[in-house]
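So, here come the structures, one by one.
Okay, so chain A shows up in both of these, paired with chain B first and chain C after.
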Partner chain A sequence: MSSQHDYDYQNAEAAFVLANTPLFLLRKLRSDPVVRAIAVDLSDDEIMSSLRAAVQQKPTDIREAVLPYLYLVALSIKGKIAPLREAAAIDVPYAEWFKYIGNYLLKSFIPTATVSVLMPKIILPQPSTPSSSTTVKNLKYSKGDSSNAL
Partner chain B sequence: MPGLILPRDSLGLDTRQRNHIENSLDRSTPTAGAIQYAQALRRQYRTAKQRPTFPCSTYNCHGLTFAARRTGISGSAVVQKILTEDGYERINDRSTVCPGDIILYISPITNEIEHSGIVVDADPTDPLRLRILSKWGSAHEVIHSMGDCPYDARNLAFYRMTR
Partner chain C sequence: MRCDLFAVAESSSIDITTNRLSIFHVWDDLTTPILPVVLPSLAVVAMFTREQNEPDNVELQIDVSFTGKTLAQFPLAVSFQSMLKTRFVATIQGIVFSEQGTYELAIHRGDESALGVWRIQVRLTPPEPHMQLVETAASPPP
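What follows is the complex of A and B.
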């Protein structure tokens, strides 16, 4: 597990300062590679635990103020409805837009699934590398999106 | 007897049709981080005129544009309500935009009104050379060129109140 201190929150902090509306903040956080990294690195339980810790006290700086939103969006990226619903229901007295963004994410939720598929290896003329004839690749796609289905 | 002053509050603000304008007035002092980011913006946008106002969450861009800096307005639907119920008219010919008109920055992705400001200078011979007074989130007020700001300027709309 990565500690929250391993991440660079500058983009998220800047988005928080510039945000005039909750959906601007949401859009910026969704496109922030750090938020995506947190969604990949941490489990649902770890994000929930970090979220609960982040909303305990009144924020004293920008980072503490943006962290609840950041964890909420990371949970939404993970693609499971139950943890997202649980997170959106948390009482967050110091994050004014938290409920709005949580409800918006729940309304616009699209479940995702991770599958492993065997893909044929593309053989290039050179350089030659010792490898097996197939490679395993993890792909993520939306259940409702047939354009990405294999 | 004076009313109770709360750090976070909402004002009794109505449209001309007497419907409440949802708003949020946050009187808390800005953190050191917010001040640092505001200073970074001042350095980054050198051609903009940075007004001598402090970072604050008392009002935001929509609060500046539609509520005379009294409070913050954050919902896109609330701004739409103000435009409709206060009688703003959309300006379709950009060459007619003049100081006093309203500019809206609408996200091409979410269709959300993400930013607003007041036109303070316009060149009728070049509709792209508009100067805008706006507040950048919880940072300070800035007078900037239409596209020289941290908001997506690909989808703009202009409005005017004529009476």
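What follows is the complex of A and C.
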């Protein structure tokens, strides 16, 4: 597991300084590779606990000011509504755009499931004859064999 | 529940910045000089909308068929996560098309009629001509 100190927050800090609207900040954070890395490296619980820790005190520098938004956006990238809802409900007295961005993320959230299915057996229909029936063949492809593959 | 989109393509992607889905190289036609042909990867993409009073988790099934015969079936669990819209991308690996004709992929909920249907037309073209190597006599040294 990576700790928050392993990440370079320069892009996020620059986005926070430049941002004149919450959605600008959101867009910049979503495209920040560091935010994506946090979403991949840390679990929902780890991001939530980092978020709770980040909002407890009044920020003393730009990094501390941007961290609550950064964790919120990282949670939205993870693609689960429950932790995002929990994060958006946190009382954040020192981040004035936090509630707005949280509500925006909740409203625009569309769950997406991705699954990968390997054909375990392939059923080939026989050439059409009056008494044809379906045959089941177990096809094995050797590694690197791409014959007939498109 | 309504199926807003059901399509089959070579690949798909979700943009992290915008959370939008892109579908690349839609398979509606497959023209090949040789059969059977194996597609290493096929992305089956669907988008659904439900009413507020409809269930949050739905069991679905994708049927692959050829001229009315079912070739394969894949069960899928789809969750709306309390939202009204959801999407899924199922990547089917190693699908084989063995005959000319129309292959159909349909998505069902239980025994209900199909929520979405996608057809892939498979056509066979004449075999590719082989390159003929012509031997020429080596010219005599000067």
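By definition in this document, the second predicted complex is superposed on the first by the 113 of 150 C-alpha atoms of A that agree within 3 Å, B and C clash if a C-alpha of one lies under 4 Å from a C-alpha of the other, contacts with A are read in each partner's own complex, and residues count from 1 in each chain.
Just so it is clear, contacts are C-beta pairs under 8 Å (C-beta built on N, C-alpha and C of every residue); 3 or more make two chains touch, one makes a residue touch a chain.
These figures come from a predicted structure and were not determined experimentally.
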Counting residues of chain A touched by each of chain B and chain C, the higher count belongs to C
Which superposed partner A:18 touches (first chain B, second chain C, both, neither):
first
Return first, second, both or neither, reflecting whether A:119 touches chain B, chain C, both chains, or no partner chain.
second
Once the shared chain is lined up, is A:27 touching chain B (first), chain C (second), both, or neither of them?
both
Thinking of the overlay built on chain A, is A:81 touched by chain B (first), by chain C (second), by both, or by neither?
second
Overlap the chain B and chain C contact sets on chain A and report the shared residues.
27
In their complex, what parts of chain C are in touch with chain A?
14, 16-19, 21, 30, 32, 34, 36-40, 66-67, 69, 71-72, 74, 76-83, 85-96, 98-99
List the residues on chain A that touch chain B in their complex, please.
13-14, 16-24, 27, 59-63, 65, 96-97
Residues of chain B defined as touching chain A within the complex:
8, 24, 26, 31-34, 37-38, 55, 60-62, 74-76, 107, 109-110, 112-116, 135-139, 150-151
Residue numbers on chain A that touch chain C, as the complex places them:
27, 30-31, 36, 77, 80-82, 108-119, 122-125, 127, 134, 139, 141, 146, 148-150
